[in-house]
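All remarks here apply to the structure that follows.
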C-alpha cells in the first residue's frame, strides 16, 4: 500500500532520529517530533499574530510595517469606546459591536440547534434501523461541501424566484423574500450553518452513544424505566462528556463563522448577519478604506477570546476524560 | 405474501414496527430530502439555460424551446402552440414579435406570415440539458492544467499535513514532558484564529519566504492544522502505552515506534484527517487567491472564478462551475464515506 | 508444548544474574519503591508478589528499563544498566494486556523485534517457526491478534519474548486476564518453558497461588519494600511477619491476639493456649498474635484448653471442607478439613491448634517471634 | 534549399536563442473582465508581440475580487504584476508607472483629455498613467413594453426622480409588475442621483465631505422609496456590508420597470432579453441641481515596480493607438473615451441595433456629466467614500439606523478613513 511506498523514506529518517534519541533521551525527543509542526505554526500562525500586534499599535494605510507610525492603544480604545456595550449605537465603532452582538446571538442559537439536531439524529441513527451506513453518510455529506457552495445552494433555493417560494405558492401561501427580513436572514444563517456541519457532530455523538454499554440499558429495562426516563437518567448523563466536547467544538466553530455566511447574505440585510470575522475581513482587507490597524486590533481581541475558549475546552476534555 | 410483509416490516430484533420506528424512518427520509435535495436541485439547475433559470415557478427538469429550420429564414425559429384565435391548436414558428403581436408562419407554408396575439401562444418545449453552460466553461480555460495544479496542491499539502500533525500529536499524546500542557493550549489556541483575520501579516510572511506565486505558498502555510493535531492526539491517547513499551523492549527506536506502530494503529483517524484535508485544500479559495497571481499556477477554484467580473452574476455559468468543483468532492465522498464514518466514530468519542 | 528434551537449534540459552542495590523510585514527592536490595541468581524463577499498589510492577518496569531509577543500582550480568535503554538490556517482557501489535499478524509480531536487531531474514523465519512450534501457535502465524483466543494471545506474547533470546524474561501479571482453567494450564507451560530454556525469569503477580506453584524464590513486596524473600515453602512455613503470614497460604492464616502469661498465651477471648517451650522467646506481658493455619486447627471434644467457637458457615467441596466460625470474642476463624464434615451451622465446636504448627508474632511490630534469630530471613525491616 | 539558406536560418535561430536568453522580456498583465475585454485586448496584444521580437505578454485573467482586494496588497508589498486593468483608478495612483517619458503627450492629452486626471495623484500631477479602456456611465434602462401596456407616457429628458418614481409606480400598478424601480447596490451608483440633488461631496478647499444637505436629501428619498416599495427592496436590503448586488435579473425577467445601472449592462440586456420585451436607455433623471450620471470604468495601467518600463509603456501606447482603441471598444461593446474615436462613432461588432442605439444613448450622456461627478470619479479615495455611503445607507434602509444617524456615522467613517490614509 501507500505505507510500503513511503517506508524506505521513513527508514532513512530513522537513522538521524536514532542518533537524536541517543543524544537527547526519550522525553526530550518529544520536542523533535513537535518541531516541524511548531516551526510551521510559529511561522505561519504565531508570527502573523505577533505582526498583528505591530499593526494594531500603528496607524496609516501603509502595509509595510516600517512605514507605519506608532499610535499606541488608540485602535483598541476606539474599538472599546462605548457608552453601553449592550447598545451598539452608543459605540464609536458601532459595526464592530453589532458584529459582536450578532456573533453572540448566532453562537447561542447555532450551538443550541446544532447540538439538539445532532443529538436527535444520532439517537435515531443509534436505533436498530436498516441502511444505517447510508443515512449516516447522508447527514455527513454537506460537511464536505465548500462554504461557497453551501451558500450558493441555499441562495439558489431561497431566492425570490426559488424553489422554496414556488413550493409555498403551490400550497397557496405567499412567497417571502427570505433574506430581506433581518430575522429570517438570521434564521437561515443559523439553519445553513447547522445544515452544513451537523453531520460531523452527529457522528461524534453517535460514537458516544455506541460507547454506552448495552447492559446498562438492559439493567434499566429490568428496573422498569420507560424510554423517556431511560433517556433522561441513563443516556444523557453517560453522554455528557461527549456532549461537552461537541458543544465546545461548535462554539469555536461558531466564533469562526465567516465564509459561508459572507457568501450567503454578505452580512445583510444591513448588518443583521455580519459577524466578527467578516467585520475584521472587511475592515482590513475587503476593500477601501483598508484600515489595517483597527482590523488587527479587533483580530487580537478575537484571538484572546479564542485562546480562552480553547483553554476551557482543554479543561473540559481533561475533566471529562478523568472523571 | 404475508412473509414479504413480515420481512419488510421486521426490525432487527422483535416483531412489527413500533410507531417510533415509523417516526425514525420519517425523520431520516426528511433528512435525506433536506441534505441531498438542495444539492440535487443545484445540479439539475446547472443544466438549464439562463431563460429557464429565470422562470418562476421553476420546473424540475431543464427545458429548451423547440426550434425549426425553415426555408427563407437564416436562423432556426422557435415553435409555438397557438391556444386561441383562427389558428388555435396549430403549431407555428415565430418569425418575430413586435409589441403585443407575434408574427408567425406555419411550418408547411414558410412564406405566409400571420399575425397573432402574443398571449395566445405557448412555447413548444422539450427536456434538453443546456450543455453549453459547461462547454463555455471549458472553452474559457485549460481545464487539465488547473485540475493538475489543484491535485498537486491538494495531495502534497495533505501528505505534509498528515506527517507533521501526526508527529506533533504523537509527541503530545505519548510523551510526558515539561510544558506539554502549555504547548497544547498555545498551539491549538493560536491555530484557532482563522486565517481570514491575519491575511495581511500572513501575506507578508509568505512573501519573505519567497513562496508567493508558487504552489508551496499555498501548501505550506496551512499545513499545521489544529483540528488535525487535536483529532489525532485524541485517537492516539486510546492506544495502550503497553504496546509502545512492548515495541521498546523489541528494540524499536522511537521513530520506528511512531511509524511502524502508532501510525498504522491510528489509521482511522488519519483517514478522517486525510479526507478533511483533501476537502479543505480542494475547496480553498481565499488564500490561493492572494498567494497566487500568475494564471499558470492557478487552482481550479481560482480558474473557475476568474470570469467573475465586477458587475454581473451569471447564474448559468456560476451553477455549472459549482457543479464542476463539487464533482471530485462527491466522488471522494462516495468512495470513502465508510472510512469517514468509522474514523470519526472512533476518534470523536474521547 | 513439546517435551523438554527436544532440540531447539535456533534458540540459544542465555541467562544472567540480576542484582538490585538500594533501588529507589519516586514520582515527585511520592516514593513508590523504597530501597530494594535483591539478587536473582542465574536461571532462577523469581516471583514478585504483593497486593496491588505495592510497587511490584514498577519495580519490574525499572528492571526492564521502561522506567527510570531514581536512586540505587540495577546490575544485569554484573553490569550496571541504569542508563542502558530498555531495548539494549537484553531482556524481554510479557505484558499484562499482552500488548500485541494489533495491526500485525502473529508472524510479524514475532519477527518485529528480530528485524529491529537486524537479524538476517532467513534466520528470523527459522526462529519464528521454531518458537511457534514450541508454543503450539504455528498454525496461527498468519492470523491477527483479534482473531485469537485469550490463551493463544498469551502464547504469542510469550513467543514474542522467547524469540528475542533474552538473558532475563520479565512477566507482568501475564495470566490475570485468563479464566481459571487456562490459568492453571499456562502456569504449567511457563514453568516448563523455564525448565527448558533455563533463563532467569522475573514474574510479577498478585496471586499467591501462582507464586507458590511457579517460583524458585518468592519476593513479597509491600509499600515499595521487600517483606520477605525465600523459597515458597519457606515463606509458608516460616513467615517473617504478620503480612507475609497473612498473604501466603489460602485460605488465610487465622490470627488471634493475646498476651503472654507465664509462658502460656492468654487470648483476648479469655482462653489459654499452650505454646511449645523453647520454640519461641516469650516475655511475660508481651502483646502477641497467634497465627494458625486453618488446616492446623483440629476440632476436638469439649475441653478447657481448646478454642470455643460457633459455626457460622460451611463450604462442602466434597474432597475438602471449610468451616467458618466465630469465637466468643467475635474473632473469625476458619478451619480446613480433608473429606466431608458433619458439622452444621450453629454448632458449637472446640478447636485445638496443632502445637507444632503455631506461629507467634509481636502484635506491635508484626515480626515473627522465634527462639532462633538465625532462622530469620534476610529481609527484615531495617 | 541552398547552403546559404541553411546558414541564414541557422544564424537567425542562434540570434533568436541568444536574444531570448538575454532579453526574455515577459510582461505579466493582470486582467479581469465583465465580458470579453481581456480576450479583445489579447488579440491586439498578439499584434504587439508580433511587432516586437522577444516580448511576450502573459494575460493573467483573475476574478474581479483579486483586482479589488489582492492587487493593492501585492502592490504595497512589491509583488505586483507589470500591468493590470484596474478600477480603483485614484486609489492605486501611487504605484503607477508614468508613461509620459515614453509616449507622445500631445496625442494622449488630445485623445483622453480630462480623463487622464482620474489616474493622477493630485492636482499638481501631470503624468500620464493609464489608458481608460472601458468608459462607463450610469443611467437608467426602462422596460418600454410595460409603459406601452400601461399606457403611461415615458417621462421626458427633464423629468425628475420624483416624476420617474410616480410614472413607474403607475406602470407597475397597471401591469402588476412587482417593482417600479431599482438601483444597483453600489456607492458609485447613487452618487449621480445624489449630485443631482445637490450633493457637493467636496468642500471649498477640495477636501472630501461626502455628507451634506443634498446628499442627505437624496438618501432620505431613497430610503423612503425602498420602504414604500417603489424601489425593489431585495437589491439594497437583502445584502450586507459592501456586497455588490445588481437587479439585472429582475429587469430581464420583466419584473422591473426602471433599472438604474450603467452602460456595461447593454450587452447583457441585448443577449438575455431577446425579444421578450422592448427596452431603452434614457437620460439620467434630474434633481434640483443637475441631471447627471456617474462616469466610471476601468483602465489599463503599468506599475512602477516593473522591470520593463519601456515595454509596458510601449504596449499601453500601442493599445491607445486610434485603430486599436476603436477595435477594442467595438469588440468589447464599450463607450469610447478616446475623443477622435468617439467623434467618428464606433461600429459595434455583433451587437443588435437596439444595443448599438443604447450604447450611443449612453455615449451621448458623457458631455452632460456634472463636474462634481467627474471630480468624484477622479478622487483617489473615492472607493472608501463609495463603500461608506453604501454600507450606511443600507443600514438606514433596513431600519438599523435613522437617516440622520446613518449620515453621522458616514461622516465618522470618512474621518477615520482619511486619518488612516494620512490626510
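Which chain is which? They are A, B, C and D, in the order written, and residues in each are numbered from 1.
To be clear about the criterion, a residue touches a chain if its C-beta (ideal position, glycine included) is under 8 Å from a C-beta of that chain, and two chains touch if they have at least 3 such contacts.
Because the structure is a prediction, the values reported are computed rather than measured.
Trainee: Among the other chains, which touch subunit B and subunit D together?
Mentor: A
Trainee: Of the chains shown, whose Cα mean is nearest the mean of all protein Cα atoms?
Mentor: Nearest to the common C-alpha centre lies chain A.
Trainee: Considering only mean CA positions as chain centres, point out the chain farthest from subunit D.
Mentor: C
Trainee: Quick check: more C-beta contact pairs at A-B or at B-C?
Mentor: Between the two chain pairs, A-B has more contacting C-beta pairs.
Trainee: Starting from the mean Cα coordinates of subunit A and subunit C, work out the distance between those two points in Å.
Mentor: 55
Trainee: Can you work out the whole-Å distance between the CA centroids of subunit C and subunit D?
Mentor: Between these chains, centre-to-centre, one finds 91 Å.
Trainee: For subunit A and subunit B, what's the span in angstrom between their mean Cα positions?
Mentor: Distance between chain centres, rounded to whole Å: 19 Å.
Trainee: Give, as an integer number of Å, the spacing between the C-alpha centres of subunit C and subunit B.
Mentor: The mean C-alpha positions of subunit B and subunit C differ by 64 Å.
Trainee: If you look at subunit A, which of its residues touch at least two other chains?
Mentor: In subunit A, residues 63, 160-161, 285, 292 touch at least two other chains, as defined above.
Trainee: Residues of subunit B that touch two or more other chains: which are they?
Mentor: If we look for residues of subunit B contacting two or more partner chains, we find 54, 56, 199-200, 204, 253, 256, 264, 315.
Trainee: So in the complex, the part of subunit B that touches subunit C is made up of which residues?
Mentor: By the definition above, subunit B touches subunit C via 240, 242-243, 245-253, 256, 260-261, 264-265, 267.
Trainee: Going by the contact rule at the top, pick out the subunit C residues touching subunit B in the complex.
Mentor: Those in contact with subunit B are residues 61, 64-66, 85-88, 91-93, 95-97, 99-103, 112-113, 116-117, 160, 164.
Trainee: What part of subunit A is in contact with subunit D in the complex they form?
Mentor: Contacts found on subunit A: 59-64, 89, 92, 94-95, 98, 160-161, 177, 179-180, 182, 185, 265-274, 278, 282, 285-294.
Trainee: Looking at the complex, which residues from subunit A come into contact with subunit B?
Mentor: By the definition above, subunit A touches subunit B via 3, 7, 10, 13-14, 17-18, 21, 26-31, 33-34, 36-38, 40-41, 43-49, 51-52, 55, 63, 65, 120-121, 124-125, 127-129, 133, 135-149, 152-154, 156-157, 160-163, 165-166, 169-170, 195, 199-200, 203-204, 206-208, 210-211, 227, 242, 245, 252, 256, 258-259, 277, 280-281, 284-285, 292, 295-296, 298-299, 302-303, 306-307, 309-311, 314, 317, 321.
Trainee: In the complex, go through subunit B and note every residue touching subunit D.
Mentor: 50-51, 54, 56, 96-97, 99-100, 141, 199-200, 203-204, 207, 212-213, 289-290, 293-296, 302, 305-313, 315
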